[in-house]
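Here the chain labels run A, B, C and D in written order, and each chain numbers its own residues starting at 1.
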Amino acid sequence: MSPTPDLTTASKPVLPEPTAPVHVATDERGVTAGRERARALTSLFFRSGAIAVLVLTCLLAAVFDNGFASLDNLRNIALASSFIGIIAAGMTFVIISGGIDLSVGSLFALGVLVSAFQSQHGSVAAVGTALLCCGLAGLLQGLVIAYLRLPPFIVTLAGLTGIRGIVYYITDEGNKVPQVPHKEAFEHLGTGTFITIGLPVWIMLLVFAVGWWLLARTAFGQHVQTIGGSDTAAELMGLPVRRVKVLVYVTSGLCAGLAGILTTALSGGGNEARIGDSYELVAIAAVVIGGTLLSGGVGSMLGSLAGILLWYVINNIVVQGLQFNTYVQQVVSGAFLLVVVVLQTQLGKRAEVGVR
Amino acid sequence: GDSGNKSTGADAGTGTTASQPAAPASSAPAAATSTGSDASSSADAGSSAAAGGSGEVPAAIKAAGGTALIAGTPAKGIEAQYGPICKGSDLGIGKIDFAKDTIGWAQSEKEANPFRIASTKSQVDEAKKRGIHLLTTNAQSNVQQENSDIKGMIDKGAKAIIFSPINSTGLGDAIAYAKSKHVAMIPVDRNITGVQGCQSVGPQLGSDFVLQGKRAADAMIKATGGKAKLAILLGATGVNVTDDRTSGFLDELKAQNASGIQVIFKQTADFTREKGQQVTETLLQSHPDVNAIYAENDEMALGAITALQDKGKNGTDKVHIVSIDGTKGAVQAIVDGDIDTVIESNPAYGPSAEDALNAYVNGDGYPAVTITTDNQYDKSNAQQAISSGTAY
Amino acid sequence: MSTAVLQRIPRLDRKAVDGDFVRERGVYIALVLLILYNVFFTPFFNRFETVTTLMLQTPAVLIVSLGMLMVIGTGGIDLSVGATMAIAAAVMGKFVAPDPKGLGLPLALAIITALVAGLLVGIFNGIVVGVGGVQPIVATLSLLVGGRGIALVITSGALIELFVPGLTKLGRGQVSNIPYIFLIALALVVVVAVLVRQTTFGFRLLAIGGNVRAATLAGLPVRRTIITVYALSGLLAAIAGIIATARTRAADPSYLGLGLELSAITAVVVGGTALNGGRVRILGTVAGVILMQLLTTTLTAHNVPDSATQVAEALIIVGAVYIQRTSRSGE
Amino acid sequence: MSSAQPKAPTLSIQGASKHFAGVVALDDVSVDLLPGEVHALVGENGAGKSTLIKLMTGVYSLDAGTLHYQGEQRVFKSAREAQQAGIQTIYQEVFLAPQLSVARNMFLGREPKRFGSLDLRRMNRETDEILGRYGIVADVRRPLGELGLGVQQMVAVARAVSQDAKVVIMDEPTSSLEPREVDRLLAVVGLLRQQDVAIVYVSHKMDEIFRACDVVTVLRDGKLVSTDPVSSMDRRTLVSRMLGREASDIESGRTQLQVRGTARSDAAPVLEAKSLQRKLVLDDISLVVRPGEIVGLAGLLGSGRSETAKAVFGAMPVDSGTVHVEGKPDARRNPASSIRSGVAMLPEDRKVEGIIPSMSIRDNIALAALPQLSRGGFLNRKKQDEIVDVFMKRLRIRAAGPHQKVRELSGGNQQKVLLARLLCLNPKVLILDEPTRGIDVGAKAEVQALIADLADKGLGVILISSELEEVVEGSDTVLVLRDGAALGTLFGDEISEDAIMNLIAGAAAEQAEVAAP
């Protein structure tokens, strides 16, 4: 983006060497060093809170439920989580930027149906058009949020409704349920495997890897985090706040679209217009379980991955392992979610000890 | 393109009714009508719309993998059956020991209305009766959840899955997984389309939703004398049941030249009572001249009645109502004079599904598609249906 | 959601004074426009019945929105209100329904129990948020997921039909053409208005929404206030649940209040309350509820297909908030 | 300073006006910024300094007036545009990304890349170097927010200055800095001047103006009062222009606390904190405050002064230790219970911990004293209005009225609102963490006088200030801290800047040669 000036020369000839440090923010022996070590440790624990809970839950499930640890079951949990997982990856960016995207469930449906409709024109059309549509929808929302300065919650709430309306429209009020003509290469995206693990799972991992890189290792990622901390600050520092915000919603739209495409590819189409209903809540829950703060600024890609896996592991345990009736299943899922977020929050507080 | 549309559309209608003669043709002529008082009404519906000769396979059945009508007399409760005969061994499915093996039941929608409650209860009760170890799941209307529910039960060792598909399509993932694991799949209620013969799933048992719509239209014409300002309360958007019940109904109105029946209003009420009430309230406000309501399920009809009661407009003398499902509440409403006719959609697939499964994996096989018989209730048989417990 | 403290003054600020009129009244203007449209283009609209129907259809959402409004005032959000309605309905249904399905207890007792149930749900949320420090959206999400399950467990999954004269009367009784339930809603609007504007509780609620840390350091009872706010939200949701049940004459654990949390949030926001807390608009919320309900009614009346209805709703939401945006973006 | 032939201004703003709903923030102000000139901008709180700056940097749009930059008329539509054009600004509050590392902050918006990824190594290395030149040794990979406010402010300065700037604007850059850091900063300013950068320097500290600036512009009530060479000014005139009063009425503009430090009182302590301990944060801190006594906390940035204050107030949990107020132990130890027992605290970070931006001045003031200002749970607006009126007058809060939103006030006036909030609690002990931060000379004098006055009336005060002078002159007792531990206590006549610095230096031998200013 902007040229990188040589920072060292800008003020090189300048200051006389300070005789001694004016301010030492670290010292090797003293309290500060101890503080720092404690902080690093706790913050590691904090960041991996969801991972810890995930591992713990899996271990318990494996011990108490013999079917859980079977490779088939684990593979299927991974596959089931890959769709909303991809959505959650996009959502992580949105939430770190201080926003929220409630429209992802509808965008997902848009991706599902557009790709199914377009699959008769070939795989490239199926994938390309669906991504284009979802990206554009994300773009539109992003523009409204960034340029008209409307609150993301509202804009994407409208998106949730409006995009669903569009999905109904293109399916003739839900009456058309497009199928993928058989033997389309793109079906392989959904049904294919690599090292016995479904391609959607690999794609999800790839999305998370790219997401991690974007967040931690690119200017874009830094800008997203800064904006999430305070968009006024970001603006005053001269960051391209609006552009970044727009990009964040485009990213989220693309992720939701990709998840939809993979769903169509896996099922061979034939999904109803109401598919993806309330997926936004699952995606948000996953991100938050993963330790990302809804207030923005701070978040972790790996956490979101752990979060979505945790969600599906719990679902698997509650639905399959415990065999409660449906009502009790809901109660147990809710309770589980609560325990996880409370645990996560408490870990978070521990990690903050000494910072404030 | 065309393949994108559900194949059970309008064109399927004529075909489907071809199965209708099968019912009267059976030795127990009243299979469809034994409890249905008005034997002629359903027969009329069938004959009036019947087009192709018997033996021709309706498109919907074809889509569900049926290729030929199986001649002969179907058992009680069955309207028609279509071959080929599916055998589990063809898909490499081994025999099942019902005393030891596990079977899964995947419900698609919330067990909220009597239809779904009865549907699951029938499966659970039957399994208990036969001493079968049954796993159960409920996908809460989420197709991806149903896919993973089914796969999860297979992972848990289920040797067969009886399932109520959310929709006729969309379960490709679970079906492929079951196939790869040689697990028997028995869809009930809604059919799975796009399967060839018995190559993806085992025998299917279901109602004919288009026919239900036609019968509703027929009943509506009778009730209103062919003249009405009619509102339709549509089922959930995007579900083939809704589509089928709508197209069947409208086609039949056309087929019977019932131009006196004007459809003045068509809005979704999501198959739920509360929405049925809300939408009807608005209907009454904006179209006070409405005098007939076709509700695509009983819950919506009951919601509509509540709304009508609030305006003192309930009673078939003021507003005619025809609905589908055959739940106790709706049949009671016939007795109370609020509903004209209820077309049954019988959810009790427990016994028939277990029979079909047994024949499919352990016996000589079972027809690819079975259309079950649905009753029909009106003033003449409603009270009896309640006291005898036929209405669920 | 980030509370930027340094004011970003939009370029429009020169017109601030004249712009204010529209901004402050965006929701009312939209409402008037919609009414005018109906007066001219919707058949049978110009009858008193239209108003009655609206007065029957809005109370439940309105009452829930009042609770939501207070929660939003603290900078929180309550996703569990729909489930809470279902729980209250289920409890009431279970208590009042005759023997095979319920306990056949007196209606008054059933209602009180349902209210207590709602209150408990709210207190629970409040503790999780206020003491546990869990972010409101996920804290209440767990009850959105699990709460309906509780309701289903109570009724064993089925809808319970309630032919209880008292309840029916509550649902459709009227005093000179004004439904009881609307009067109840109005009374609650007044109560909430007094609570928020006149009491220390309301003051604290807004202070917490404005800046929790400052409120804590100023010695406000932050936890207690948060717990109370969520408790009230639960209580109001329970009242809404009872009213909705009285209207449908059935306790429906599966669908009662389903998705209502979003309707309530929409109404609050369309009514001009920002989600970041610290400010609430009570009358705006009332107008927001009426606007959204009337919009649905209008589109249904015109037999507009689902797809168009949803797109239209989306546009109205964005439009209404856009009109009012500047009063908010200053925060 | 300025060279022989007059230079063309780098940036010139003419006839600038700006008003916000109901407030004229700036009215027809013109200022020229010349290359190589340090231009001081002074005025009371709310005079319009920050507003003028924001008009120069595209944050606000001009209602009237023009802006010329490098000879061309320009309209900056955003801070970004101005920054790209070469105008670097350090805004009044520290506006960086606290959750990102120091190095990332340093390069935010102009990140060096390697193969598409951030070149973190280079960023860390260069940040280390840059900060080193400011005498800051810090782990640049640590989140900025974990460093004290002072370090953060230095990072902000370094960040702005390390870019290739034509204009550098500093809005109260020293408000969180301690004397040696101020020296550093002023050295940086000097170097920028040598490089022909045009500099705007806003400060309420007169010393700095006279030490570092060439020209001074005075604003009052949004209007331009004068622009003169600093050399032609004296402190008294400058202050009188700011306040709009006769020069003869003005004190020197230095600390207004009458030099205290008289004999130790023997009265029973009003507050007594014993062995406050918190792992890695506080190490066995004890302190005693007697009625009428002002206890200063001294120490370098991050020495634990604020944390001691919070621990005493119950705003931060401690592992062990007790606090007695008037001999009674406070078991609950939270802000509410402290307030109830008569202890009130002014937090250090006004923005984050102090004001409630969405509320009015009245409500912000009434906030803590709510129980006294209400009846049976209902607000008593009349009583509130009376009290608020008293304090707005007493502290001379400059606002459109009690109903103006606090977020619309200038920083200094926000601080006064907070003080008013505490005072209407009628506390026995007042803990003041940087009470005069960002407050103008006039107000500062008032606040200092107020503190002294309160103490004279028997109030116990704990005072924290990064201005050593303020602590030294204003305290009866000084507790010196380092790394969360007490180094010693100075009483009465023992209190001097040298004594404090010596204590600190003695505890850190390797820093002994750092001369106290």
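Just so it is clear, a contact is a pair of C-beta atoms (placed from the backbone, for glycine too) under 8 Å apart; a residue touches a chain by one contact, two chains touch by 3 or more.
Computed from a prediction, not measured in an experiment: that's the story for all the values here.
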| message | By that same contact rule, can you tell me which chains touch chain B and chain D alike? | response | A, C
| said: When I count C-beta pairs in contact, which pair ends up with more: B-C or A-C? | reply: A-C
| remark: Whole-angstrom distance, CA centroid of chain B to CA centroid of chain C, is 37
| said: Can you work out the whole-Å distance between the CA centroids of chain A and chain C? | reply: 29
| Rounded Å distance between chain A and chain D, as computed from the means of their C-alpha atoms | 39
| said: Touching at least two other chains at once: which residues of chain B meet that condition? | reply: 110-111, 237
| remark: The positions of chain A in contact with two or more other chains are 168, 173-174, 229-230, 232-233, 235-236, 297, 325-326, 329
| Residues of chain D touching 2+ other chains? | 59, 91, 95
| note | Chain-chain contacts, ordered by label, are A-B, A-C, A-D, B-C, C-D
| task | Show which residues of chain A lie in contact with chain C when the two form their complex. | result | 98-100, 144, 148-155, 157-169, 173-174, 228-233, 235-236, 281, 284-285, 288-289, 293-297, 325-335, 337-338, 341-342, 345-346, 349
| field | Touching residues on chain D, where the partner in the complex is chain A | value | 59, 78-80, 82-84, 89, 91, 95-100, 104, 106-113, 116-118, 120, 126, 129-130, 132-139, 142, 145-148, 150-151, 154, 161-165, 180-181, 184, 187-188, 191, 279-281, 283, 300-302, 483-485, 510-511, 513-514
| Which chain C residues qualify as touching chain B in the complex? | 42-45, 47, 49-50, 53, 56-57, 157-159, 161, 172, 244, 247-250, 252-256, 296-297, 300-303, 306
| query | Along chain A, where are the residues that touch chain B in the complex? | reply | 67, 70, 72-73, 76, 79-80, 83, 116-117, 120, 168, 171, 173-179, 181, 190-191, 263, 266-275, 277, 312, 315-316, 319-320, 323, 325-326, 329
| query | Which part of chain B faces chain A closely enough to touch in the complex? | reply | 1, 3-6, 107, 110-111, 135-138, 140-144, 147-149, 151-157, 166-173, 176-177, 193-194, 236-240, 242-243
